[in-house]
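So, here come the structures, one by one.
In what comes next, chain A is part of two complexes: it sits with chain B in the first one and with chain C in the second one.
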Partner chain A sequence: MKININKNELRKASIFSLVMVLIVGMGYLTLEPAITKASATANSSVNVNLSVDPTLSINTPTTVTMSPNITGTGTSTGSAIWTVTTNSASGWKLEVNASASPAMVSGSNNFADYTEGVLGTPETWSVAASAAEFGFTASGTFAESKYTSNKYQSFQGATKIQVSHSGTGPDAGDSTTVGFKAEVGASKSQPTGSYQAVITGTATSLP
Partner chain B sequence: MLININKKEFKKACTFSLVILLIFGVGYITLEPSLTKASATANSAVNVNLTVDPTMAITTPSTVTMSPNITGTGTSTGSQCFDHAGYDQRLQQLCQLYRSSDWYAGHLEHCRH
Partner chain C sequence: MDVALVFSLLVMFIFFLQISFSFWEKAGGLVAGSADSSIKVSVDVVPSISIDSPSDVDLSPNIQETGSATGSATWNIKTNNSNGWKLEVSALDTPAMKSGSDSFADYTEGTPGTPETWSISSSDSEFGFGASGSYADASFSGNKYLGFDGSNRIQVAHRNAQAGGSGDDTTVNFKAEVGSGHNQPDGTYSATVTATATTL
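Up next, the complex of A and B:
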């Protein structure tokens, strides 16, 4: 028996068959594991914790040369700027202290630390005619309000005195200006010399 | 079953417990922030320099009238202090030098400095 096969029909049938084989084949490859194998599933979660601890840095101000020189009697002023940078979300505080007591010395001579009426409470600058004194104030956005309007107070040796703080953060660079002032009273005979105070600023991130 | 409790001992035990509890409580409240949270600190120092320059004032002495008047021939003497006020180490040292000299001693002995 002879079978007549139309070439076009054969080609169509072949292409159709090939496409069908491809579709079924790919479907099988994709679904095979789920179809042919039983599976069980369970899950659990894990907490991944990470602590970002605070970091903090502070600049080193350049040497302060108080001006003008005191010739006999009079006042002299200067200032230093400390800038605090921290990632602390709770902010920072800045404290200052002197390396000596009194702070401003030249050999055995010195300027007395400023004598505010109430120790630790800044006040408007005032020095007796018979005295020679050295004190400081603080200014800037973050300075403590007690220093507002150029209120001065004394250094207390190594005791740290808070001059400014920020309650928020991170801070990309918050600056505080610490102003220094010295005066030789009208009737005070202050020995000549080069006097120096070493003042340390300490910044700490707040918990 | 009966348990005998000494009242004094009981009071002591209660007081002791309360004190211990207070100590731990206060300690915890004080230290908690620093125990549970890390903090960072940094510091830097700055030199603050001040110069006190020398100053000096000196009096203008009153007129010196030498005496006695010289009548024809003879000698006449007079003296005056140059009195300084303020503070000047160099002048002080100079005065001290003069005082140690016999030649100047007589001339400066009545000076206040």
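Up next, the complex of A and C:
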């Protein structure tokens, strides 16, 4: 069998092969250092922790002088505003209580704590003609809804009664107004005197 | 047959001859009447780098309403790379310091990316970092701070030479502050910071 080889094609193929061998060889020689000396990395992580402690504060309102003075019979009102500031993310609650029972006293004389029809359920103010009573209500954005429409209830001595709350926080200063009311019934003879109730507002951050 | 063709064929012949010799040599190199046996012993020393794992950092003191808290972590780098190393830090989250849905903003320097003396607005709460040590980048000198940029690595130190025998230390200083007019939700905040050492 006779094979015809084109001389020019053989020469081109040979030169092409030579060029490819040289290109591959030179490429390897060029890249090899970079391949074997690629940069190395190492990682290390830490947790950085910080505690922001819960804080809560409440202002001290000025003493409340109810007005007008009661002359014989009639009513007198006043109010105090408590402002709660906290960084609690879950909010706060405000409760009030009295230092005495009944709350409003003058020596041995007193106003009875307001007697709502259902104990603990605020209601529209109403006092029997033969009674002298003292009670409170709450108002403001965060006041409990049970006090809406100017409804009143009685103090229960040292027992804390929640009057408002906020379920979110932090709060830079949320105010609640606690309104006080005293009345001497039309047929009641209330001893004269300067009556006083010490009311404490307690703010607590919610869990 | 012209000269080019002869030359090309000659080069290819030598190339394949070398390859054949290489295989033959590895196969034992048996030659009649000879008892020589040679081997090549070679070793590649490749660049390597390691970084230690410092313990977690509790910033102190706890912040009560307002104020600042600080802490630091020191990373030690060992490498045999004669060109040296660089150290970068990044944060897992954006912003870095979080507690549930609450967070400290990443420190906002006047010129982004340029460390500066710590200063935040009274209405803000922010968290940032600085770097110190022999190899800390000069931009952090003078107790200057920068904010994290999420997972983007920020170089804090480098050395253009092989690390010392016991390694090279770099301290990353962390700082958080609640401005006097800011009400930061209470909670335990945490930032996961990753340090990456790379050979140059």
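In the analysis below, the second predicted complex is superposed on the first by the 163 of 207 C-alpha atoms of A that agree within 3 Å, B and C clash if a C-alpha of one lies under 4 Å from a C-alpha of the other, contacts with A are read in each partner's own complex, and residues count from 1 in each chain.
The rule is simple: contacts are C-beta pairs under 8 Å (C-beta built on N, C-alpha and C of every residue); 3 or more make two chains touch, one makes a residue touch a chain.
Since the model is a prediction, treat every value here as computed from it, not as a measurement.
Participant: Looking at the overlay, does A:88 come into contact with chain B only (first), chain C only (second), both, or neither?
Facilitator: both
Participant: A:99 contacts which: chain B (first), chain C (second), both, neither?
Facilitator: In the superposed model, A:99 contacts chain B only, not chain C.
Participant: After superposition on the shared chain, which partner residues are touched by A:190: those of chain B (first), chain C (second), both, or neither?
Facilitator: first
Participant: Examine A:47 and indicate which partner it touches, taking first as chain B and second as chain C; both and neither are also allowed.
Facilitator: Only chain C is touched by A:47; chain B is not.
Participant: In the overlaid three-chain picture, which partner chain does A:207 touch, first (chain B) or second (chain C), both, or neither?
Facilitator: first
Participant: Is the number of chain A residues in contact higher for chain B or for chain C?
Facilitator: Between chain B and chain C, B touches the greater number of residues in chain A.
Participant: Looking at A:39, would you say it contacts chain B, chain C, both, or neither? Reply first, second, both or neither.
Facilitator: In the superposition, A:39 touches chain C alone.
Participant: So, A:171: does it touch chain B (first), chain C (second), both, or neither?
Facilitator: Only chain C is touched by A:171; chain B is not.
Participant: Contacts for A:55 in the overlay, against chain B (first) and chain C (second): which applies, first, second, both or neither?
Facilitator: So A:55 meets both chain B and chain C here.
Participant: From the superposed pair, tell me which chain A residues show up as contacts to chain B and also as contacts to chain C.
Facilitator: After superposing on chain A, chain A residues 51, 53-55, 88, 205 contact both chain B and chain C.
Participant: For the complex, give me every residue of chain A touching chain B.
Facilitator: Per the stated touch rule, the residues are 51, 53-66, 69-72, 76, 78, 80, 82, 86, 88, 99, 104, 106, 111, 134, 180, 182, 184, 189-207.
Participant: In their complex, what parts of chain B are in touch with chain A?
Facilitator: 33-34, 36-55, 86-87, 89
Participant: For a test of understanding, state which residues of chain C touch chain A in their complex under the given definition.
Facilitator: It comes out as residues 1-2, 4-5, 8-9, 11-12, 15, 44, 46-59, 62-65, 69, 71, 73, 75, 77, 79, 81, 92, 96-97, 99-100, 102, 104, 127, 174, 176, 178, 183-200.
Participant: Sort out for me which residues of chain A touch chain C in the complex.
Facilitator: So the residues of chain A touching chain C come out as 7, 10-11, 14-15, 17-18, 21, 36-55, 85, 87-89, 169-172, 205.
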